[in-house]
Amino acid sequence: MGEGAEFDVGPSANRGDLVSTEGWAERVPLARRRPRRRRGRDFDRPVFLRVFFIVFMFFTFAPIVIVALFSFNSTPSLQNFTGFSTQWYDEFFSNVGLRESLVASIEIALVTMVVATVLGTTLAFGLVRARSRLAQSSNVLMLIPLVTPEIVAGTSALLLFAQIGIDLSLLTIMIAHITFSISFVTVIVRARLSALNREVEEAALDLGATRMQTLRLIVLPALWPAIIASALLIFALSFDDFVISFFTTGESPTPLPVQIYSSIRFGVTPTINAIGTSMLVISFLILAVAVALPRLLGRREEENVLIGRETA
Amino acid sequence: MTANQTTAANQTSTETATPETTRGDGAGDEAIRFEDVTKRFGPTVAVEDLNLRVRRGEFFSLLGPSGCGKTTTLRMVAGFEQPSAGSVYLDGEHVEDVPPYRRNVNTVFQSYALFEHLDVEGNVAFGLKRRKVPDDEIRSRVAEAIELVQLTGREHSKPRQLSGGQMQRVALARALVNRPSVLLLDEPLGSLDLKLRKQMQVELKEIQREVGITFLYVTHDQEEALAMSDRIAVMDEGVVQQIGPPEEIYETPRKTFVAGFIGVSNLLPATVEGDGVRLSTGQLSRAALPEGSQQGASVHCSVRPEKIFLDDLIEDGMVSVEGTIVERIYLGTTTQVIIELAPGVRVISLEQNTDRSRADDRWEIGQRVRLGWHPEHALVLR
Amino acid sequence: MSENRFAHLLLAPAGLWLALLFAVPLGIVVAVSLGTTDPIYQAVYGWHPENYADVFDPLFTPVLLRSVGFALATVVLCLLIGYPIAYYIARFGGRWKTLLIALVVLPFLVNYLVRTYAWVAILSDEGLVNGIVTDAGLSENGVRFLNTPWAVIGGLVYGYLAFMILPLYAALDRMDPALIEAGKDLYGSRWQTFWHVTWPAAFQGVAAGCVLVFLPAVGDFISAQLLGGADTYMVGNLIQQQFLEAANWPFGAALTIVMMAFLLIWLSIYLRSAARASREATA
């Protein structure tokens, strides 16, 4: 037990690995790890960090847990939890306006999901394969919505509809949602598409499949995981969206987040707890589906992965 | 034309007639013809002024290092690339505007490119289904093709369950089942281990003879090309260096590149003198001079290692020189001896290890030795 | 048909959609920003660049400055909070790394509005915290938490923290912990090690995180609306007001364009330096 020049090898580095810091390289000695006494506290023992982490988790989960908890409160109080009751949920689901909002949100999310996924996927394919100035500009055009602040998205959509003369309604919300969802789908699908082996598509063409047939029979089956993942993402984004919906919504029904916002403006009521918790549950459900789906389709997914080069 | 080729041509004229093979007029016995074809990718010229004719039923190889244009040439036959200039003919017909799915050629890809979501049967049947061939015919032809590549019993396996060699065979069956007029193979054996590769080479050659289809084969492995082909086109940097049967390419290379690329070659610097050459080491040697050689011009004298004999094997009439052994490499069937004739001038000699004593008894590093070759075996290359 | 033509065909529908329903509206925003309103508050086109001058009117300058200020404060706080978390998981997470980072990000999957509402509920005068405070006798009538700048900043931090943690984690995770050990021995002091070993590796993540938090934070109006009041208005609130309440679309549009331009400048600075950094790394 002494101090020396041996390195205390960290858990993830392997003995004998080459370690380099700012240009100089030193082979980590193969000396066994020895317990040693260091003067002062070892600064990498993460006591502080661990505490910080726990406190952090507490503060980030607490608000959500509290909302969920108080959504079952038997009194309207936000300070004392007096008893268990589902009255706020009853109020939520028996309120016609709120029910319509929920349905509207789901409708919008579904339509947005389908249309944006289709458009985004075809766009991804086009961007990967097309060679021209036009294609390059389209690529830039596709990327801009991703960095556009939501408020700009909302206001520009509003102005468009005003200009054309369309009344605001669920349709206008859908259009606006789709416009800003396409880019997400394209980015995700394109990543997967670029990784596919082009020779497999060429093989299909070589064997007599037209480009359309190749797309349908060979490429799409391989892209399914990416397409489904982005579809789920779009559903979640659309369902949760507030800002864009806020600017493009009509009188009624309005999507659920807009309803929540209006309600909060006029003071916090316990029903909002129920609405909020319900939305939370739906978000987590979507996440659960997204995680479980690849596992369920696990066998099929393997088969959809197109073959690459033979190794050993 | 050598005897090999005549037989091949005769063999195929009765066998390649199939319901789907289209023949153009004036096709003659040409399956593929390239006329002054150039292919550019932006500023790079991949293929330059290519003129090539592949005869029906031939096993024709495109051989060359990476980037020489052989794969680009193949892809122009398949339809994945269009020539920047010149014309490509398949069975006598212009095909520049014909997309790959309407050409009567099929390709075996380097990465096999099997359809992972279909089983072996599904893969092999794919092309036939696209052509709307009736189901019972599909079934029989697919079975036939699978038997041809010796994969009977594995019809329902998925590609991920197959070994490299098996996937290779599926790719082959998938292409052959369509009875194309030309089969294109793009370095199909590159990913296999040595033993399997040698085995597949033999099998491919047998299948080609049995089926009689024209094979256009791309490889960078000169041994492979020599072993399998009826004719080889050696390419370098987009230009064809030499076309001919394997023996011709090997024994009488007409360019330094070909001599260096095919097999091992000793290239001795020399100058033209009289009706022979004077080697840089001083010796004068009779040699066949190419047309238009000028006295005093710098040339290379090329001799194959197996044509160089050492010591007691030197015969009368050979050109002989002296040198020092610098290295001796034992390869099991043969021994390579590297001799330095002069600083910077080294020669490799190859001899078979027959029933004589072991090589390390015979030659010692540092030993002075005489070596010689028949002047007929010395090629003068510019 | 050739591959190129086929690809262009597929490109067309979405490309057209984006051009007509995204690019054109942005153009309309620019056009409207130069317009004016007629007596019945309808926007009419024209050439009124004074709208832009109005943006920089001293009346609104506090709002603009406050937006940038709040956003910067948010970035700093997100960095101070997010960095230790990302570092902890990256360095000490071990096998549980992925699970931990997923757990950390989980709350942020909840709707931003719902999350902000949660804080409203908790911090309001009748909320949980005040309940505890009065019960504990710390104060008579409770503490005013809402309607203060720090409530808004807190809401912004809670809203965008994940955008800081994830890139930081990605950058730190890539770092080899053995380097830190080597640095410790080489440099001796904690600070030196941090500066010479950890910081260069983390920097990319920090830059990305800062951009990902700053850009949306500037234009945010939800936190300011729900957790703050008229005194904490940000430019987003102003824009929202112009469009939906004051019906002064041209001015709202001008505000929007100015904000967009401001953000684009920072974005391009970031992209350029990121490109340069990756070029240098590969050189």
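When the chains are written out, they are named A, B and C in that same order, and each has its own residue count from 1.
To be clear about the criterion, a residue touches a chain if its C-beta (ideal position, glycine included) is under 8 Å from a C-beta of that chain, and two chains touch if they have at least 3 such contacts.
No experiment lies behind these values; they were computed from the predicted model shown.
Summarising the inter-chain contacts, the pair of chains with the most C-beta pairs in contact is A-C. Legend note: the chain whose CA centroid lies nearest the centroid of all displayed protein CA atoms is A.
Between the Cα centres of subunit B and subunit C there is a gap of 62 Å.
With each centre defined as the average position of its C-alpha atoms, the distance from subunit A to subunit C rounds to 17 Å. Taking each chain's centre as the average of its CA atoms, subunit A and subunit B sit 53 Å apart.
Across the assembly, subunit A contributes no residue that touches 2 or more other chains.
Looking at subunit B, one finds that residues 99 touch two or more other chains.
For subunit C, the set of residues that touch two or more other chains comprises 1.
Subunit A meets subunit B in the complex at residues 197, 199-200, 202-210, 213, 218, 221-222, 300, 302-311.
By the touch rule above, subunit B contacts subunit A in their complex via residues 78-80, 99-102, 105-107, 109-117, 126-127, 130-131, 158-160, 164, 167, 174-175, 178, 191-192. By the touch criterion given at the top, residues 1, 3-4, 6-15, 17-19, 21-26, 28-29, 32, 43, 81, 84-85, 87-89, 91-92, 94, 103-104, 107-115, 117-122, 124, 126-128, 130-132, 158, 161, 176-186, 190, 196-197, 215-216, 218-222, 225-226, 236, 239-240, 243-244, 249, 252-253, 256, 259-260, 263, 267 of subunit C touch subunit A in their complex. Listed in rising order, the residues of subunit A touching subunit C in the complex are 5, 7-13, 17, 19-22, 26, 28, 43-44, 46, 49-50, 52-53, 56-57, 60-61, 63-64, 66-67, 70, 77-80, 119-120, 122-123, 125-132, 134-135, 138, 141-142, 144-145, 147-152, 155-160, 162-163, 175, 178-180, 182, 186, 211-212, 236, 240, 242-243, 246-247, 257, 260-261, 264-265, 268, 272-273, 276, 279-280, 283-284, 287.
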